[in-house]
Amino acid sequence: MRPDPARDSALRAKLRSVIFGTDTPAGRYFDMVLIISIIMSVALILLQTVDSMQAQYGTLMLKLEWGFTILFTVEYILRLYCSARPLKYMLSFYGVVDLLSILPSYLELLFPGANMTMVIRVLRLFRIFRVLKLIRYLSEGNMLLRAMMLSSRKIFVFFFSISLLIMVLSAIMYAVEGPANGFSSIPKSIYWTIVTITTVGYGDITPKTALGQGIASFTMLLGYSIIAIPSGIVTAEISQQIGHRRDLRRCPNCLKTGHDPEAHYCNRCGSELPEDI
Amino acid sequence: MRPDPARDSALRAKLRSVIFGTDTPAGRYFDMVLIISIIMSVALILLQTVDSMQAQYGTLMLKLEWGFTILFTVEYILRLYCSARPLKYMLSFYGVVDLLSILPSYLELLFPGANMTMVIRVLRLFRIFRVLKLIRYLSEGNMLLRAMMLSSRKIFVFFFSISLLIMVLSAIMYAVEGPANGFSSIPKSIYWTIVTITTVGYGDITPKTALGQGIASFTMLLGYSIIAIPSGIVTAEISQQIGHRRDLRRCPNCLKTGHDPEAHYCNRCGSELPEDI
Amino acid sequence: MRPDPARDSALRAKLRSVIFGTDTPAGRYFDMVLIISIIMSVALILLQTVDSMQAQYGTLMLKLEWGFTILFTVEYILRLYCSARPLKYMLSFYGVVDLLSILPSYLELLFPGANMTMVIRVLRLFRIFRVLKLIRYLSEGNMLLRAMMLSSRKIFVFFFSISLLIMVLSAIMYAVEGPANGFSSIPKSIYWTIVTITTVGYGDITPKTALGQGIASFTMLLGYSIIAIPSGIVTAEISQQIGHRRDLRRCPNCLKTGHDPEAHYCNRCGSELPEDI
Amino acid sequence: MRPDPARDSALRAKLRSVIFGTDTPAGRYFDMVLIISIIMSVALILLQTVDSMQAQYGTLMLKLEWGFTILFTVEYILRLYCSARPLKYMLSFYGVVDLLSILPSYLELLFPGANMTMVIRVLRLFRIFRVLKLIRYLSEGNMLLRAMMLSSRKIFVFFFSISLLIMVLSAIMYAVEGPANGFSSIPKSIYWTIVTITTVGYGDITPKTALGQGIASFTMLLGYSIIAIPSGIVTAEISQQIGHRRDLRRCPNCLKTGHDPEAHYCNRCGSELPEDI
């Protein structure tokens, strides 16, 4: 029996609005269920790596894992089915992520013991970026992103200079402390310098000689003060963005700009203001 | 003997002004004594957990603890007695905290060895928030809170993005380093990633493989630079708040605004300015 | 033989201008020698605590130490002699510091083995604050101090809130982790919380239980984001101070303000500007 | 056979434009090859210190090292040859760095086992600063440098005060904890204080006594809050710089300034704006 093309097309349009859209109640409900499934399935992956959980609930977790895999497989097939251009969807960022989030389970069935599949499975988390469709409306993400992008050139210059500094400090520390004190090679010494300059300070490698401790102290003070630079760059940009956004808030009646983000009425003519964007 | 309702009511009004008010000398004196008692009783709880103190002054500390418990019990009963609406007080935040600060001692009498009571007892500290009635007048707390609240959406977006990043980095590190090097599960790996990205760096779990140290270095540099973002968000908001407050400072005579926080006289007409709010 | 009062008075005035003043070449030269002596004598104290140095150069360092002690004693007596009001000098901050910087050596002669004298001796370093007479002219110190003072109330409110938070987190961690995992008492737990919330992270005490690591992760993320608050407060104040200073820079001819800190000529009338203060 | 002076001079001029210049395709190509060679040769030095690499690819790496040495030697000779004033080039910063980057290999041939040569060899990295000729055009580096220089006096005052603080805290900790707990001398105690105040926190030396942990907690909170100061100084300066740069962006037609960094057309008269500098 051939399906009726018109009815089929209507069904696909309806499905599309539910699965891809966010403006119908069903679409929003679908998104909500999807987000919860994604979070739960990722939590499941995390717990599957805990030995004690594995020992106690191993079979239950495997069943749940297959439940989610089948759920996401059905969703993937539906997306392919109702998409206007299935191939374009398959090759898009979300299409690849959607495939990657179901593939590992099937692969493990074929090739048991493939440990790397877990990392791929965690990529399932990226599906949550769909929720960013909502966040984008908050405009906050956009603003932070814009501040980041505007300061990216300055931050690149900063990291380029820092890299040279780290390299030279690492070579000096390698020569001063040497393999006997844990600085077994320059790459390891670079690891130590980054641990120190970012003020992380694990303490797995520490200078033992007086001179080494002196240079380490200098490195720390350096890291402590230059942390101010990326901080300053981003702060300055965000400040500008906030000021800019305030300038964009315009009274629809008298066109006065520069209103407080919390203001509901224009403080010159009393007209109601549009919501802060 | 029935108490005289008028005299009783006058007593309660007087008590209320002392216990709940801060505008009479007696009320301020009561608040002071209360704050000192709270601080001392919390200090006592802390010291009771120190073994050497317990061994030497155990009985003395127990007596003091009961002294404070009785004092706070009397205070609680008085508050109930003089409050206009006792039930409303009982169910308010402060009423619950007041009850929680005396209950554990009595509970321990009934069920000895209940270790969790100590945490509840420390909540006694929250009673000190009453002092915030004073701090609120300083307006500084308000301002910081306002800056926090205005930037809460941006900070939420920031933490949402960071969480995804932490999750993915954790899964990668779990796959790269594995249980042999202390990354025994993804949740533990998440703990490590947070320790690293916040630049805390305990060093209880550290990468051992070259690839792991490379990814760790990247994580540190990332944490080191993105710390700039919440910093920038809050700084920008506080800057705006300070500017806003200055705008609110208005000469009562000529209405000029924008005075220096330390200015005592209007710099246009010379009139005395109100205290900086 | 009685000294000639007039000649004596002239000598004292001359000495005073050399020792207390900074506006004659001799006074500046004296200050320079004094600063170098202070730095060298403090460096000597540091080196005296190093065992290997003590073993090799012990006698030499003792001799040098006595040399500095005698030098500072002579200086102290001269200051007393030429001071207009010797008693006022003796009781002033610098008078006490000057006395404290020579006393320990003599005390050690009387009571050998007094270990605490070293700390007092390091206080000798405070004498270097005399050099702040010079730094004060730089006006930078003043500006930073002013920014600090203007934000001190906000910072107090911040630290008050943080303290409550630290206390509650410490009690929870003590209950969760317990003495078996190194959280042997609430005061020790407070020490751990401060180590964690400030992102220092020694790693001498670390959470072992899953719940404890979860709370620790929360504490770290908290510390990581609230570091933004003092940073924001101080940045906002310093920004205001820099803007304020620029406003104070005024062309002596046309009175235009707001000149660039590097500008040498007024950009409206071309008159030479006074040095940036 | 004497070379033809005219042809020789033309050759030198051509070589000069390729080697020193960046405005011809050949010059840019030469720079690109040079940068890649520098990066590869530095990477080689790093890998040569890794034992496992040395064991497996030792001979290959030695050959590559000699290849780079010869390449850089030829480049150095060519630079000397085509430079207008060879001696001036030799004594310039880049001339010295160029010599230092080839000398160690030859020295090691003469005096085998000289370990310090590696540090000198890493200085080869400084040659990459030539690329800063390009970065300078980005103007970002300049801006950051300007912000740094403008705040250098404030940062000096800050570090001077911090140094005094570190010294006093170190002496106190040395007296409180003593050599038994790892604070074996005041210089070591200074190392600990810097590790703590910069929030690095290796954990190789940690306070053991209750009093020591209290002072350590104070030191951490101090470090945690004063990190705000350099951060505030630099942020304020960068903000000013960004504002300043915007002021410099001027419409060539109507001379209006203060355009957005992304604006392509003047928002008053619609003329095209010059690229953001």
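A few remarks follow.
A, B, C and D label the chains in the order they appear, each numbered from 1.
Rule of thumb we're sticking to: a residue touches a chain if its C-beta (ideal position, glycine included) is under 8 Å from a C-beta of that chain, and two chains touch if they have at least 3 such contacts.
None of the values given here were measured: they were computed from a predicted structure.
Common partners of subunit A and subunit C, by the touch rule above, are B, D.
The pairing of subunit A with subunit B is characterised as different-residue: of all residue numbers used at this interface, under half are used by both copies.
A separation of 43 Å divides the Cα centre of subunit B from that of subunit D.
Here the spacing of subunit C and subunit D, counted between their Cα centres, is 30 Å.
Taken residue by residue, subunit D touches two or more other chains at 187, 190, 199-203, 223, 227, 231-233, 235-237, 239, whereas all remaining positions touch fewer. Taken as a contact graph, the chains are fully connected, with every chain touching every other chain.
Residue ranges of subunit A in contact with subunit D, taken from their complex: 150, 153-154, 156-158, 160-161, 164, 167-168, 171-172, 174-175, 184-187, 190, 196, 199-203, 206, 210, 213-214, 216-217, 220-221, 223-225, 227-229, 231-233, 235-237, 239-240, 244.
Partner subunit C is touched in their complex by these residues of subunit B: 42, 45-47, 49-51, 115-116, 118-119, 121-123, 125-126, 128-129, 135, 138, 140-141, 143-144, 147-148, 155, 159, 187-188, 190-191, 194-195, 197-204, 223, 227, 230-239, 242, 260-262. Taken in their complex, subunit D has these residues touching subunit B: 199-203, 231, 235.
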